[in-house]
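In what comes next, chain A is part of two complexes: it sits with chain B in the first one and with chain C in the second one.
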Partner chain A sequence: MSKCIYAVLDYNKKSALDLKGLDGTGIYSLPYKGISAAVSDMKRDRLKVDNETAAGYARIVEGLMEMHTVLPLRFGTLVKDDSEVAGVLEKYYERFVNNLKLVKGKLEYGLKALLDAEKTTALNEAEDRAGFEQLKGNSPYKKYLIEKLKEHKAGQALIKKADGIIEGVHRPLKELSFLSKFRKMATERIILDAVYLVEAEKKDIFIERFKEIKKKYRDVEFLFTGPWPPYNFIESSNIKKEQN
Partner chain B sequence: MDDVIAKSKEVTLLEILDRVLNKGVIISGDIVISVADVDLIYLGLKVLLSSVETMERLRGAPIYSPYQEPS
Partner chain C sequence: MEENKILPGSDSVDAFAEELDKIKDALPSKIDANPDKVEKGLAKLVLTLVELIRKLLEKQAMRRIEGESLTDEEIERVGETLMKLENKMEELKGVFGIKDKDLNINLGPLGDLM
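Moving on, here comes the complex of A and B:
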């Protein structure tokens, strides 16, 4: 037997939360000085990591988000009993309160911009054909040199494309967001991987802005998702500092 | 998440798993981040492999979002 903690809430009552936990028992809130933990009883001491369980966990956190401001806890946070849950709330109280204030009334959106790297390389090679022609030759050295040049040019084209996406897509969305984070060239194909924390009242404007921007980039595939609980905007480093 | 603009079922699952397994508050020290019987269908995908590996490696230790610089 154990307790699974799903999230910390800006809620100060002990009550049933009208949601089932991962083992089918009801989720309830355990309060501490104006905040609470959303927990449920578990028959097991470890969580199985499979798609169904992880997706179920995400659904629970989403359900909690519909009722309260949430700080999602990492999948698999299990403790022995209610007194340990209370201990967690007490120990990290200040950080939880600060994080709840930060994300209150806000939603997370994710955006990935994906590019067909082969297409970009082909385009780039066509543009630079004249340059490669000058190096034409059959010696292994020249062949090697040509290949390396092609790779270099292809890389440059992708970086240039990514910079254009950051300027033309990320920047206007960032301007509408409360907070945002991005990675350029997260992989060869994902040239932009960004997350945005958006005030709830700006949600519709934010989505419309994305739709407008998307029309200008026919050659880029976008994956726009949300609203999510604020998984990416919790200051976990603060929690670490407090432990030290 | 009814108003998500674009998501296919599989891609959405990946987005969900990336958040659930890689993000969120880590409580470390006296509490164990507990996972068992790893059984993910999408093992071919880097994001999930790294998620599971990260959890196994850093049980009980705080980790950071890839977007965040450790302070």
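Moving on, here comes the complex of A and C:
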């Protein structure tokens, strides 16, 4: 019977945790020098790689987060037995301890901002006519270039809007966070995709600040989520790959 | 996503789900090099790079047009070249059964190429 490792915890006891693992068996902690791994029994061939199982794994890590500071491990981290679990804790001990210190007492929040591209295009066309004068005429190539120029200007307008969102939304939230990361133009319409690591005692201020900021951006849709385990701020989630 | 994770002030999750669905299939972008599909895997890689160059050329052309630094004759030539290049790309995508969303390469921590 293999062992599935869900997360590393700042917990120093061997005990049953009040949660069921992916295979339905109880999750327990295996300690090593002040930290522990949250594991459950798992037959290797029972681990399905699909959305439902991945969501179940995420719910387990969130359950662990309710009890302890967690470092989530990569979905599907399976090892042979308890002694191999101890081996993982020993091998990556320093990294685990440093990461636990980093995320202790902090929560991760996510923010996505989505913009209706048609609104931006219309806005931009009204403002910026540079280049269109040269493309007047009946040539099919010029007509083709007109369409391309419209697309180009819409893209530029989106980037300009994204820069405004980064300045007006992301920056004040960043200032309230312990750490943050963002991607501009994650897709054609999701102009900001950001994550924040926030100290637990500041979480209410952080959430209130977002609500205030949002009022100024009526043409932008926001998806504000959390608290999440600190998936985006640790470097210990891929030990399976490194082990292999 | 569980509803209790969506915080007050959020808008409908539907538009975000729809947008993220569009890129879902492009995320595991790897060269498919198994013996049966090697041709398509390589075509995808080559066409992705050609598409990147085509977009760069297009962007440069738009800047020149906006800057009004092209003559009428040059505009005609640029238009013809870009149009033919785009049509040829459409043709090749059809030959290899490749869709627009397939034309990307995941660069790990750097994100997607396009």
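Note that in this section the second predicted complex is superposed on the first by the 222 of 244 C-alpha atoms of A that agree within 3 Å, B and C clash if a C-alpha of one lies under 4 Å from a C-alpha of the other, contacts with A are read in each partner's own complex, and residues count from 1 in each chain.
As a working rule, contacts are C-beta pairs under 8 Å (C-beta built on N, C-alpha and C of every residue); 3 or more make two chains touch, one makes a residue touch a chain.
Quick caveat, the model's predicted, so the values are computed rather than measured.
In the overlay built on the shared chain, the residue A:67 is in contact with neither chain B nor chain C.
After superposition on the shared chain, chain A has more residues touched by B, the comparison being chain B against chain C.
Contacts of A:195 after superposition: chain B is touched, whereas chain C is not reached.
Contacts of A:84 after superposition on the shared chain: chain B is touched, whereas chain C is not.
In the superposed model, A:179 lies in contact with neither chain B nor chain C.
By the touch criterion stated above, A:97 is placed in contact with neither chain B nor chain C.
Contacts of A:144 after superposition: chain C is touched, whereas chain B is not reached.
When the two complexes are overlaid on their common chain A, residue A:166 makes contact with neither chain B nor chain C.
Shared interface residues of chain A (contacting chain B in one complex, chain C in the other): 183, 186-187, 207, 210-211, 222-226, 228. Those residues of chain A lying in contact with chain B across their complex are 2, 5, 8, 45-51, 54-55, 57-58, 61-62, 71-79, 84, 87-88, 92, 99, 110, 181-183, 186-187, 195, 207, 210-211, 222-229, 231-232, 234, 236-237, 239-241, 243.
In the complex of the two chains, the chain A residues touching chain C come out as 59, 109, 112, 114, 130-131, 133-135, 139-142, 144-145, 148-149, 152, 183, 186-190, 207, 210-211, 214, 221-226, 228. In the complex of the two chains, the chain C residues touching chain A come out as 1-2, 5-13, 15-16, 19-20, 22-23, 58-59, 61-62, 65-68, 70, 72, 75-76, 78-80, 82-83, 111. Those residues of chain B that touch chain A in the shared complex are 1, 3-7, 11-13, 15-17, 19-21, 23-42, 46, 52, 55, 62-68, 70-71.
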